[in-house]
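Per-chain numbering from 1; labels A, B, C, D and E assigned in written order.
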Amino acid sequence: MLKAADLGAIRAIITRAKRWDLFFAVLGLLSLMVGVLTFTVLFLDMAIQGVPRLSLDFFTNFPSRRAENAGILSAWVGTILVMLVTALAAVPLGVAAGVYLEEYAPKNWITDIIEINISNLAGIPSIVYGLLALGLFVYYFGFGQSILSAGLTLALLILPVIIVATRESIRAIPQSIHEGSYACGATTWQTVSDHILPYSSAGILTGVIIGMARAIGETAPIITIGALTFIAFLPPMPFAGDPAAGMFEWIFAPFTVMPIQMFNWTSRPEAAFTVNAAAAGFVLVFMTLAMNGLAIYLRYHLRKNIKW
Amino acid sequence: MTASASLKLPVPTGVSDRLKRKLSRNLKERVIESILFAAAAFSVFVTIAIVWVLVKESWAFFEHVPVTDFLFDTQWTPLFDDAHYGIMVLLSGTLTSSGVALVVAIPLGTIIAIYLSEFAGFKLREIAKPFLELLGGVPTIVYGYFALTFLTPILQKIYPDLPGFNLLSAGLVMGVMIIPYVASLSEDAMRAVPMSLREGSYAMGATRLQTALWVVTPAATSGIASAYILGISRAVGETMILAVAAGMQPNLTFNPAEPGATITSYIVQVALGDLPHGSIGYQTIFAAGLTLLLMTLAFNLLGYWLRKRFREVY
Amino acid sequence: MQIQTGLEAGVEGTVLKAEVRDLDFHYGAFHALKRVSMPIYDRRVTALIGPSGCGKSTLLRCFNRMHDLYPGNRYSGGGIVFHPDNTNLLAPEVDPIEVRMRISMVFQKPNPFPKSIYENVAYSLRVRGMRNKNELDDRVESALKGAALWNEVSDRLKELGANLSGGQQQRLCIARALASDPEIILFDEPTSALDPIATASIEELVTELKEKVTILIVTHNMQQAARISDYTAYMYLGEMVEFGVTDQIFIKPTKKATEDYITGRFG
Amino acid sequence: MQIQTGLEAGVEGTVLKAEVRDLDFHYGAFHALKRVSMPIYDRRVTALIGPSGCGKSTLLRCFNRMHDLYPGNRYSGGGIVFHPDNTNLLAPEVDPIEVRMRISMVFQKPNPFPKSIYENVAYSLRVRGMRNKNELDDRVESALKGAALWNEVSDRLKELGANLSGGQQQRLCIARALASDPEIILFDEPTSALDPIATASIEELVTELKEKVTILIVTHNMQQAARISDYTAYMYLGEMVEFGVTDQIFIKPTKKATEDYITGRFG
Amino acid sequence: VKIDGSSTVFPITEAVAEEFQKMKKNAVKVTVGISGTGGGFKKFCRGETDISDASRPILKKEMEDCAKAGIKYVELPVAFDALTVVINPKNTWIKQLTVAELKTMWEPGAQAKVTKWNQVNPAWPDAPLKLFGPGADSGTFDYFTEAVNHKAKSSRGDFTASEDDNVLVQGVSRDTNALGYFGFAYYDENKGKLKAVPIVNPKGKAVTPSIEAVMAGEYEPLARPIFIYVSAKSMERAEIREFVEFYLKQGGKLAKEVKYVPLADADYKHALDNFSKKKTGTAFGGEAEVGVKVADLLKRNPKE
């Protein structure tokens, strides 16, 4: 039984321990602030420089040697198209790989290699992907410096992110749902297509968006495959123009993207281009922000209908 | 029919039609499985392709430059008249800048992870995490200029001898950029630790901090290790921040207050430069790329080993 | 194992639906079922009792080949003979999917799919390729009626299954299992996550269901076994200790071990 | 609730360690405990029984303020008076950490920390700021002895706690709870995840422990309650239906509801 | 019209492309990339581009590649780039520099030895010497080393290098003890932050870089011509011919607008003449040269 003296000692220990608790809570908040403040400063800095430059013209003009006429039309269209290719390539591939590893893969050395390999791919520097893409897509497959090459390069880059996100969200589905489905007589594929994919779609989508948010700002690999910097026309619209463009002609079109445009502008001598770069950077960060916002929205609202 | 009688019978070997495997269904399942397997195996193909491209080009390089020079020379001047190919020089830049970045990212990332998972309320966590992830989504070139034009001048006020280009400020900014990777993944790992362990600790009279440091963190070791490894890989592979802010001066130093070049910044530099392709100077980027690949490979294998070794035991 | 001698007397007029014969099962290196044998009588309720970890769930899950889902599990001897096909359910040539279509299962924790109530029940029909809307509607309705849930949910079929109460969810899972007209339904502690009132409704349902379908139920709760089952099997450490008519097992077990367990001297 | 009249007779020479008085508890809007009252006698085993969801765990977890860990939980009336301090454990000014240092808990599923066996037991001492190696060694040893685990693990103290078998893990958790000399130990279905042999060893241990410490145990298993407890409380739907000396509760309960439950007519 | 190559030539080509497209009402599509001179030639010699921007003449290796692929080309100088040596405005001790002094600072032997200003000239202060310059992979670097150290790519290695001249501007403008060199356009835009050093030309006259001085041929030896290479095969296409002609007619004006130094009018005419005669090959023979007059270049008989 505790004596009064013991109780006093224990109280002293508790008080001391709680002081550390408080200290750490403050430390944690401060650390969080480092991240948050850096982002805020960065964002404000860019906004202050760039926002006054934003106008409708900035979005509808092609690049120009005159900073005040220069716009990001080809860049944002290029970015969106490249992202489209990236998503179209990476999502099916990544989701299929994730599903295989979670639902089908037997536990053997082949699976082990694939697993190590995927976590390894996630750590390969983006510039190395650029080198690969240059050799493989641009030359070996002969896609040239096209939207297709760029999209595929970024797809490779975000493939591990999507695979991991897919696996994580599949793992979040309780085993009891799997068993419930199999117990109804469903085949593996029926289980996957009727349950696994629908229920994990929110998580997969979040992963895709986070991956895309990373890809959208990538400069180095796109530079190595040779994105253009001056391009004053848009890729052909499907079936438009004369002679009519094919459905997919645009994927072989030359292109530029936002980060490349920024990169080019920051290296120009005229100060006015720096402002353009800041404005483009602002638009780019805003796009990322919007994508992240979308991810959060999806996380909340798609999961609303999923309860176990 | 009596149970005891029937139970002595052997198990029949025939299979009734209604229970037999259905060929068409099996075939469809097999085809789908093969397609999915191909998707998973594709990642292996990508790795092989990367290695193939890098090795093919480096091969020509190593025909001209002995591997020993590459590994042990203390100068990196491949594009100069008096060419030296000591990868150590670039490696030192890479290691120093990554070191600085990790000194920022690992403690801050871990503290943030612990804070979010063990201290912060649900609301704060749900707001803070996506916000942190934004830090990972900012184009790195923006960070580069931030380091050069914002952070370096501030650092120079504190430390006047600091050159305008240095590994320090690039490394610090890189560290901030990596925080979300470390924090977010570590936090996931910590939240995966079952509540029962936390309850066990609190039931002993532990405080939040004691629970976090003595129970949750050790239980999440393997997840945290993966987060660190990913952070390290990111730091080692980061390109644009260093290309802009670190000075691109091949410099065999481990002093972050000096300018330096890293493997990645060297690769973009040359990829954009005026060198003739196929020249030795140009092939250096593949040799450098291969070095980088081997490095990240080593880190990731280490991570894999750590995960196996410290697999969560709860 | 010895089949209790008094058994034959109690089973006049009953037909065998399945027989477990000398079944061995391994989880990796762990020998979870050791030469287990028991009969399953058609349209009767058979209860599996025994202390935790004795292998009740393991045995139950052999019936619908649930163990096939996980690597390392091995049916390592003997088999389960299914009647009237006279086929060993565990034979490799047997399609586990066909088995599961004929032998349904209800789990310990209600596990409705995060779909509408209607879709939950319709699912076991859809996997059988049924597409006809009217037929689906009819079958869903009759399954829900069979699970004594129709009155409560007929006007909210589009709602999520998860919005039901625990007992309703479990009845929904029973409806799902019933929808495809199975020959056997397996229950693995179906009421252990439920409150007493919901438990009572499930027990009542089980008693009604045995008119149409054979039932195998695992339970921790001996009172429950006594209330609802016709036959009871007592397992211990992976072995079948005793099988018999429920009343006899509870009143006059032949084995000392069974008696100890039932009287609460141990377990 | 009514304290059974026969009670006083059976408790001569016993001392009150704590009293639950008109306790109300809410999970958010859900009223989980409704004006619950009961005494806890010093160095006796008190068992809490009742059907699933009746609030046994909820009541138990009030004793060491576990509910404080989750937002939305509310001690909404009454309290738990702790003797001899004569303080209400649930008062906001009482430090939950201090409460937990004096009232230990053992959980349903063994939850050893991912540390060595030694560190698992030493943990509750380290939390109290004990750093002296010799003293720690002594206290760890005596706690492991108290939990009847010392013989099995004395030569492998550096091994991970998770490497032990389930029953050993649970005894490790008991040793952990014992190490800091608590005044009350709370057990929440400590054997429900264990096999019968491990269960028997834990039960034996509980019986030994009551020489030194007050024990409050939740169990689903009425046989277990009957075997090990001195007092039994029967709860139903958040209310305390009946409290009394165990033998009396099991042989001659005053309430019809209790009798129904105990005889298995329901639950 | 597909153009790729040096980032130094990019601003002029971009300006020309912009105006040309405007004139053609977007009927002709022109793209300009910046893969660097080397990257540009690689694509050019594979037949992927019509025109290659180059900040240096084509080199032997690249000539071989082109020959192998059967690509013939016309070499056309389009403007000058004046390498400007800059110092911090607070630097009071430098009034002019000779090539010899630059050599003392930049030669390979200076590495780690010449680290103070007074080691170059005892009259200068005992302050650290901080050097900035473009990366060793750039044409600018090649030209500067050739002009100052008389051997391309021969330079000390311990200076701060950057591909991005703005980065160099930042560096020099922040450090009183700094000296750097880069293209004239960057100096011109940052006149407030930097000071250009007059360079003593071979005739002994200190010349401050300016458009006039370069055009007059006085800013020596640091003014270099920059080129475009036009594929002979592409020249069969009318829009390419039109584009190049437009380039040579309007290029001078546009070059000035983007802060480059135009050639003399006569040289543009001469170039146009060479172009219409399809004089394929290079006037350099696969090696860089310093200090040649453009007019002379254009008169040479190109080799392939």
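Criterion: contacts are C-beta pairs under 8 Å (C-beta built on N, C-alpha and C of every residue); 3 or more make two chains touch, one makes a residue touch a chain.
Because the structure is predicted, anything quoted here is derived from the model rather than measured.
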Mutual neighbours - chains that touch subunit C and subunit E alike: A, B
Distance between chain centroids, defined by C-alpha means - subunit D, subunit E (Å): 84
Chain centre separation in whole Å, for subunit D relative to subunit A (CA means): 50
Distance from the mean Cα position of subunit B to that of subunit A, given in whole angstrom: 15
Residues of subunit A engaged with two or more neighbouring chains: 14, 17-18, 187, 266
Shared interface positions of subunit D, touching two or more other chains: 97-98, 101, 127-128
Touching two or more other chains - residue numbers and ranges from subunit E: 7, 34-35, 39, 163-164
Pairs of chains, among all present, that meet the touch criterion: A-B, A-C, A-D, A-E, B-C, B-D, B-E, C-D
Contact set on subunit A toward subunit C in their complex: 106-107, 174, 176-187, 190, 194-195, 199, 305-308
Subunit B-facing residues of subunit A, complex: 14, 17-18, 20-21, 24-25, 27-29, 31-32, 34-36, 38-39, 41-42, 45-46, 92-94, 96-97, 99-101, 104-105, 113-114, 116-132, 135-136, 156, 159-160, 163, 187-189, 210, 213-214, 216-220, 223-224, 258-259, 262-263, 266, 281, 284-285, 288-289, 291-292, 295-296
Of subunit B, residues touching subunit C in the complex: 1-4, 6-7, 9-16, 18-22, 25-26
Footprint of subunit A on subunit C - complex, ascending: 64, 66, 69, 71-72, 97-98, 100-101, 104-105, 107, 109, 111-114, 123-124, 126-128, 160, 162-163, 173, 176-177, 180
In the complex with subunit A, residue positions of subunit E that touch it: 2, 4, 7, 10-11, 13-15, 17-18, 21, 26, 29-35, 39, 43, 48, 163-166, 183, 185-186, 188-190, 254, 257-259
